[in-house]
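Each chain carries a letter (A, B, C and D) given by its place in the written order, and its residues are counted from 1.
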Amino acid sequence: MTDEQEKGLDAPIRVGVLGARGRMGVEVCKAVDAAGDMDLVAMVDQGDWLFNASDAGAEVVVDFTTPDVVMDNLHWCIDQGISAVVGTTGFTEQRLERVRGWLERKPGVGVVIAPNFGIGAVLMMQFAAKAARHFESVEIIEQHHPRKLDAPSGTATHTARRIAAARAAAGLGPVPDATSAEVPGARGADIDGVRVHAVRATGLVAHQEVLFGTTGETLTIRHDSFDRASFMPGVLLAVRAVRHRPGLTIGIDELLD
Amino acid sequence: MTDEQEKGLDAPIRVGVLGARGRMGVEVCKAVDAAGDMDLVAMVDQGDWLFNASDAGAEVVVDFTTPDVVMDNLHWCIDQGISAVVGTTGFTEQRLERVRGWLERKPGVGVVIAPNFGIGAVLMMQFAAKAARHFESVEIIEQHHPRKLDAPSGTATHTARRIAAARAAAGLGPVPDATSAEVPGARGADIDGVRVHAVRATGLVAHQEVLFGTTGETLTIRHDSFDRASFMPGVLLAVRAVRHRPGLTIGIDELLD
Amino acid sequence: MTDEQEKGLDAPIRVGVLGARGRMGVEVCKAVDAAGDMDLVAMVDQGDWLFNASDAGAEVVVDFTTPDVVMDNLHWCIDQGISAVVGTTGFTEQRLERVRGWLERKPGVGVVIAPNFGIGAVLMMQFAAKAARHFESVEIIEQHHPRKLDAPSGTATHTARRIAAARAAAGLGPVPDATSAEVPGARGADIDGVRVHAVRATGLVAHQEVLFGTTGETLTIRHDSFDRASFMPGVLLAVRAVRHRPGLTIGIDELLD
Amino acid sequence: MTDEQEKGLDAPIRVGVLGARGRMGVEVCKAVDAAGDMDLVAMVDQGDWLFNASDAGAEVVVDFTTPDVVMDNLHWCIDQGISAVVGTTGFTEQRLERVRGWLERKPGVGVVIAPNFGIGAVLMMQFAAKAARHFESVEIIEQHHPRKLDAPSGTATHTARRIAAARAAAGLGPVPDATSAEVPGARGADIDGVRVHAVRATGLVAHQEVLFGTTGETLTIRHDSFDRASFMPGVLLAVRAVRHRPGLTIGIDELLD
């Protein structure tokens, strides 16, 4: 919370939530309600009228609904001149193009669509991409509960790819590795040349560590996420930012600068 | 090492070392010698002629000497048109002004003066300063061998100050802390509102962890340094960069971008 | 779960829960219900008859009630020949003596009273006490959410005291520490000569690290607890063990061997 | 060092070193020399007389030589009534039998033969074996410098086997793991049902983490070794203990109790 917000110099941001009774929507409603600089003016879910949001004077709408309704929701918001923060999944390049088209006709409106609102996870990836070119070695260790189906996690794979791209851009060759006798799997999965290890254990939630090494030193960036409330600071950040960012913004990366 | 360097498209950088028989100088000589894109052309120490470096055609000089001779060394280098990378301590604002004056008259020459050539430590501080405004909570835990005299370490204090400044700039208030019954010292030292804990144990070398926390998640940036060889990648980075950076550069922060 | 339990060779243990609608009681009921080798036969809370438990044939009763009723509950259980696992607080030495007295007259009945059912926390303390005499240095870093009132935590203080006792018994002198310039608090709280650091940050739950160091190596024992469900494996362990341990057992330490 | 030792109530232990000019032997000589309760009375290497050790009155001999001479050395020591601490490798069951035979005829003499004198590593394995039966999940992450040829390390493999044996003895089934989509290697090597991940990075030395998990909590045991001096406390411990342990002792495990 900034001083400005605490002093209440700004009027609160009027926020409507679409998908308000869903798992994430409930958390968003709680978080908006608790934020000193926002008013929760509309909670809309299946069977409710979208016009509830406009009638209540919403300036920003947060959408955690489903791929089959999110495009209609967005079209309506943009038409109404309401900015939107979207956590719903299923955005293909084609869909993004259509959103861009709608926004062109409404120059004052902003839309933020993000696959991941976790500030910690996004910063971890940014820092990892930045550090990548300065270290000879890098490996990723991700740790999750044992009910997870994929290994490694999507975030770990994405991080590995960004690191690999940064290494390639800096002209770095392969990481040093003299392993000549390996029990299969010991050295992890190879994602674009970056070794990724997936640990699974009861008691864990969602954790990731990126380990960089060079002569005589290591740098470790670690992210621990304990519950889905961890996405809320990123959602609120996007709500605050979207009013000043006309057009389409993908991901919250740029909002963090 | 970049592909370009490996292919040898560039001629090697000709490097002279001042203070070549000192503790750090010996490491620098080894590192320059091992670098594929550099030639170690002169090793100068107390009692040797500086002209050995110019006679050998040094393009860049690395100076790890002492506060009483470093200004003379620098004056001579700049006069000769040789760029310099300086790890010697004792640079006051007054001294830096004098170096800037000498450089103005030699527009092609560059000088990098850095208090810390550890790439890991410098990145840790950069990342911490960037993350600071996005997290409600932050604490620093530094860990060193028990022969260390000061607690907390200079790096920890410096990191805390940068974090505190970033929080202030973002309008963040004090970190939340309900502690009402404290055994004296349990909550660490207060450096500009950031709690810093100094751990001392045999077997440790030099380690620092910055822990950020917000609702449901934490982000940890950790640096482990095992020996003074860890400064060498930063020195080599500065040697490569200084030729393209006329004028005075303080610290290696900007060289990492 | 052992093979034997899975094969159902043993009849399930019949378990009654006292304080079944309390915060911990609810968790115990869920855990007993989910355990393949137990049957939840009675859930008793304020206003219910204790005889529900005996009528239902409970062999073991778990008591998470309050200090004002727990003694009556225990007296009744022992009289009925029902063994008990007790997590209720407030047991003075005097109270323990009374329980011992009751048990003497019922030689087949067992009672386990434990201040902490977290297997991880108890093992951490055991291991720390065992390692203590082999390392020159030791420090404790505990990390909790910022709503915690005391610093350091009770567990950290208790761990420090056990370590200090083990060091004294082994004839170890003070830990090495050359600190001569300390910002107040940097070196943590002094608990019987062991330095303890208390970190507080939003996003954390309950964590503790014990760091041991000697020449060239460190050994770290770390415990992370994420929710109160973490006490349940310890409660179930005690339920299984209490039937074969007549008399009074304090803590779950011995049950872990 | 115990108070008793510091007060010098005991006469110092007279120690001879065989293989005194080897890599490990040099470290042993330094460590014995620095220990307040020992006197380094003989340094023997290739070409020197073993009788130097007996002439100097050695009570204990430390042997870091080679498999081809160690049996002769041991035979001689036992004959002379000198106890021995042996770090030399290559001991088959057959060789151990021969040593036992020699010792039977010299009831007062003790011999300790250990594959690993690192107290931290040995305690890590002991604690892991003890914790194993109390946690549903367990994985091992070992981290080494990239010049290492085998993955996972011998210590990690040995730890995994001890954990697997402890789980089997407790009747625990396989660790839970719902992974159905795995990039090959992501889930690590399978050592007797325990997943082991081998991380390799410049800057690392030798590190191992054993992670245990159960409902709502994890317990982590981590060992960091920075240089071969880390074996010396274990060697000194064995020197002190061997005088009171007639017969053959394998490993330093029992000496730690």
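One rule holds for everything that comes next: contacts are C-beta pairs under 8 Å (C-beta built on N, C-alpha and C of every residue); 3 or more make two chains touch, one makes a residue touch a chain.
Since the structure is predicted, the reported quantities are computational estimates derived from the model, not experimental observations.
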{"item": "Chain at maximum distance from chain A, centres defined as averaged CA atoms", "value": "D"}
{"item": "Between the pairs A-C and C-D, the one where more C-beta pairs touch", "value": "C-D"}
{"item": "Separation of chain A from chain C, taking each centre as the mean of its C-alpha atoms, in whole Å", "value": "39"}
{"item": "Centre-of-Cα separation between chain D and chain A, whole angstrom", "value": "47"}
{"item": "Approximate Å spacing (C-alpha centroids) for the pair chain C, chain D", "value": "33"}
{"item": "For chain C, residues contacting two or more additional chains", "value": "135, 203, 212, 214-218, 224, 226, 230"}
{"item": "Complex interface listing, chain A residues touching chain C", "value": "203, 205, 224, 226, 230"}
{"item": "Touching residues on chain C, where the partner in the complex is chain D", "value": "1-6, 118-121, 123-124, 127, 130-131, 134-135, 170-173, 212, 214-233, 237, 256"}
{"item": "Chain C residues within the chain B interface of the complex", "value": "135-139, 141, 143, 146-152, 157, 175-191, 195-204, 211-218"}
